[in-house]
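There's a structure below that I have some questions on.
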Amino acid sequence: MPEKALLEQVVEQVRPLLGQGKVANYIPALAEVNPNKFGIAVTSVDGTTVGAGDYLEPFSIQSISKVFSLTLALTLYEEHEIWSRVGKEPSGQSFNSLVQIELERGVPRNPFINAGALIIADLLQGRLGAPKQRMLEVVRALSDNRHVVYDKKVAASEYQHSARNAAIAYLMKSFGNFNNDVDKVLKNYFHYCALRMSCADLSKAMLYLANGGKSLSGDLIVSPIQTRKLNALLATSGLYDGAGEFAYRVGMPGKSGVGGGIIAVIPGDMSVCVWSPELDKNGNSLAGTAALEILSQSLGRSIF
Amino acid sequence: MPEKALLEQVVEQVRPLLGQGKVANYIPALAEVNPNKFGIAVTSVDGTTVGAGDYLEPFSIQSISKVFSLTLALTLYEEHEIWSRVGKEPSGQSFNSLVQIELERGVPRNPFINAGALIIADLLQGRLGAPKQRMLEVVRALSDNRHVVYDKKVAASEYQHSARNAAIAYLMKSFGNFNNDVDKVLKNYFHYCALRMSCADLSKAMLYLANGGKSLSGDLIVSPIQTRKLNALLATSGLYDGAGEFAYRVGMPGKSGVGGGIIAVIPGDMSVCVWSPELDKNGNSLAGTAALEILSQSLGRSIF
Amino acid sequence: MPEKALLEQVVEQVRPLLGQGKVANYIPALAEVNPNKFGIAVTSVDGTTVGAGDYLEPFSIQSISKVFSLTLALTLYEEHEIWSRVGKEPSGQSFNSLVQIELERGVPRNPFINAGALIIADLLQGRLGAPKQRMLEVVRALSDNRHVVYDKKVAASEYQHSARNAAIAYLMKSFGNFNNDVDKVLKNYFHYCALRMSCADLSKAMLYLANGGKSLSGDLIVSPIQTRKLNALLATSGLYDGAGEFAYRVGMPGKSGVGGGIIAVIPGDMSVCVWSPELDKNGNSLAGTAALEILSQSLGRSIF
Amino acid sequence: MPEKALLEQVVEQVRPLLGQGKVANYIPALAEVNPNKFGIAVTSVDGTTVGAGDYLEPFSIQSISKVFSLTLALTLYEEHEIWSRVGKEPSGQSFNSLVQIELERGVPRNPFINAGALIIADLLQGRLGAPKQRMLEVVRALSDNRHVVYDKKVAASEYQHSARNAAIAYLMKSFGNFNNDVDKVLKNYFHYCALRMSCADLSKAMLYLANGGKSLSGDLIVSPIQTRKLNALLATSGLYDGAGEFAYRVGMPGKSGVGGGIIAVIPGDMSVCVWSPELDKNGNSLAGTAALEILSQSLGRSIF
């Protein structure tokens, strides 16, 4: 478990990188964020959380929500019901590409690219009466924070720019791999992405991945073996088309979002969340990745 | 460190799987192998090796040699000289595909697909007077076995069926990413693939990956940080287009070969080698993967 | 101008081919057609029409409607307004592929694949108050048949199976190359495809392509130079991924539909329509193509 | 048949375009050409040839040679022996792409892209003792010019930059669609491309395509039906990835080469050759295409 002083040192070390990346601008609501923000929080398996920088400030978690939705799906479905509809392999393509989905007849590569996350959202829609409400309850419970909310403005903005995701969903539907109304699923999906959480919220919420499936409050969210499998998927597919580079530099299973957040995990030890809005060419937080690399080296810890 | 009895138990558990896969038959010399062979060996960081089944019988290591050649290249070149010519990302494509190489202008995705391994072979050719001889020395030293040899018949047979690899090399050359004579590099490359080693040889030889870069004889082959990076690359790209599934089921960095061998590593703990000639649809040993999954669960050990 | 007897002879010659193709079955309404139908009609530039077989029986013209919609667009827009949004090249891909549209950033290859025809439908939507009504008027005037109608059942059936076309439209929208509401455009597009016309109707309606732009009733639909250009596009892109084979065997500009119809033209001479519901592997009428090949050879006429 | 005055007028009209394209520079020997050259020649089915500009100056015919090699193959093989190894469809891809060859398992789209021409060269190699010598005899006879030669310097230069074509040939070999030694076939192929001929030579040599298969000297090179088929292939695949645009603007079957030459044909009427070294983005002569467009409009002649 790192001391607060170490995290503050990491913040100082990455500050010179601010200005070198590019804030996501495909929707106006995301482009408005202050690019100089940087936060880091660590939650240990002993339940304590320390942070530095803007670690208490909520931001748009975007694709980090894909970890929550997959976890929720794992509690609702048998594994084969999920893995018959979405794969477990790295995509080797951009996060929103349709090429592979067409070539592989409607089955997306993994649950962490948009297409795969839409399959998971379709699964949630199929078994939950009010998936949006349920997701919020799950996330509030995991982060032990009843104030986590959806950013309605971001969700609405994403919906207004939803053509690419609609194309992906309809393409999968054309192959028989989408069951619910596309529009309804998209609206919920964009809400999941529009969750606002801080680094502290997220490092707490992800603790179950570091703790054999047990959440901060002691609930068993998923089994130890399922936790291992979630971490394996994160390690191979969690960072879009930059998973190899992330493993090489950071050496932790992780998941990034275009809001600039990245969560990462050292199984048996701790969960981490960093946030810095500027992204690298793969769409992962530039300074955030650097901070995780420094943290990993300072602690001498990685999964490898 | 597993007991011999545990390994023998694993052998019994996977034996019913023999007959369900398919021996590689693209070259006659490989197709002749007895499909019912199964071996497993584990070398602990304390230097001891235990094995079960046909673990002392040499087989064609094929693509497992890509680990040795990358390791050797890391001792000859600065990192940037390597990573400017080959990437670190999973390919999302078949191991011998040319599509991505054309789309990405001659730079292969990672050093463990054929294209990337040919770049590494081109690098070795560029700096070594007798790369074939040097590779043999390296492998003999790592495995502590002076009797490791190239199978000349296999190397010759691969060379006779080398059209696909020649196409890959010439395509990279057309983008300016291949320096030496294609034919000469191919001949050496096929020799690396044609190394004959047993599970015992390979688990010993790979110990440095589990031991912070230190080999069985105590030599520091690569630095601890380089070792971590090698393991990261193996975890994301070592199993062709089945890396995600392998991480999900086995949870160890690993590398497979079409000869039916797979090496895997638990950093800080042990290196493993399994061998069973029949392959699954991704070209990885079917019973070998199952054995590693059982071993991982029995020991309660994985990197996740 | 062929005699009726020659056309009857063609019908006899192709009859043995019935049973060798496959009726389109992606929508139930099309699958119900009698597969043994065969009709052929020829309209000469002198204004006379002859036919044989089931040449007076209406069928679903499907993609043949793409010729009408492009022609109508040419009367409403400047050429550059059309060709900045859709290309003029053969696609080299299946008629409903999304791969090329993603790789070429939302611009479809030509107006005769689905994506390109959706762009044309979007253009019509943008300039016409009631495009569906206007298209019907155009087609009735061209064919000199006030009884041409939309098959509401086919249009509804296509709309129920519209996921692939919706995916294509949304993908183009995500690249900024689709202006109107996707759902509204799709509904109109499916109506165009659901026009019911006979071989006689279609050979008459297409006469302007053989007659320098002048229709059966003497109206100048498009200019002589535009007519030449339409025929050029038909010759290179009118037969899906079988344009080369069609040019090789038949040697006329043409357009096929999955309803089994094919129209073809010998500029300065005549327009032809054949109909036979069973399709070859490229989705073109099998017996229809054969009939056109025989006709071309019998008359010693082709554009080559 | 156009008068010499008309051709001189065309030369004047296109002269302002010189400077707007880009001379092929992938081999030094081609890059040295004077970019301001422009020639045009027309040979009528009555046997007369007229020309203007630099129409008597030899240039490197490059891919125009693919017409001669396919024609020669048609005299040596049954049609099915050719079309089982190469297709008849437009490629929809760059002239030297490997993507389609891999996806379509070693069968190139048509004989006018590099891959297809290499198949034809492999066929010639398989049936001729001295294919290079025979090709030269054929071309000399067709053009009625005993002084046509191979440019040894160009052939050698192409061979030194042959990596891409070698990759293509080896890839086809890996699918079992290449019979002879790759290196030997490449050497001959580059000689065919390195033929030096003038516009006058080429318009004379291509007369058989306009004349039902009969050459200038009256020999029947191919049958009338084969001639029609050759013209159909040229119309759909002769201009690389610009066949649609060329048909749209010029309306003649044609074949271009990166040396800046284009041959085109009006069946039953005349063969044309233009030459201007600067190319457009598709690799076709920029001013040459414009000249053919003007000629087509001036004469009021096209196949459409």
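Order of writing sets the labels: A, B, C and D. Residues in every chain begin at 1.
By definition in this document, contacts are C-beta pairs under 8 Å (C-beta built on N, C-alpha and C of every residue); 3 or more make two chains touch, one makes a residue touch a chain.
Worth saying up front: this structure is predicted, and the values here are computed from it rather than measured.
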Intersection of contact partners for subunit A and subunit C: none
Label of the chain whose CA centroid is most distant from the centroid of subunit A: D
Recurring contact interface, reference A-C, options B-D, A-B or C-D [over half identical by residue number]: B-D
Centroid spacing, where centroids are CA-atom means, of subunit A and subunit D in whole angstrom: 55
Distance from subunit D to subunit B - Cα centre to Cα centre, in angstrom: 47
Chain centre separation (subunit A, subunit B; CA means) in Å: 32
Per-residue multi-chain contacts in subunit D, two or more chains: none
Interchain contacts (touch definition) - all pairs: A-B, A-C, B-D, C-D
Residue ranges of subunit B touching subunit A (in the complex, touch as defined): 87-93, 100, 109-110, 225, 227-229, 231-233, 235-237, 241-245, 247-248, 251, 253, 267, 297, 302-304
Residues on subunit B engaged by subunit D in the complex (per definition of touch): 97-99, 102-103, 163-164, 166-171, 173-174, 178, 182
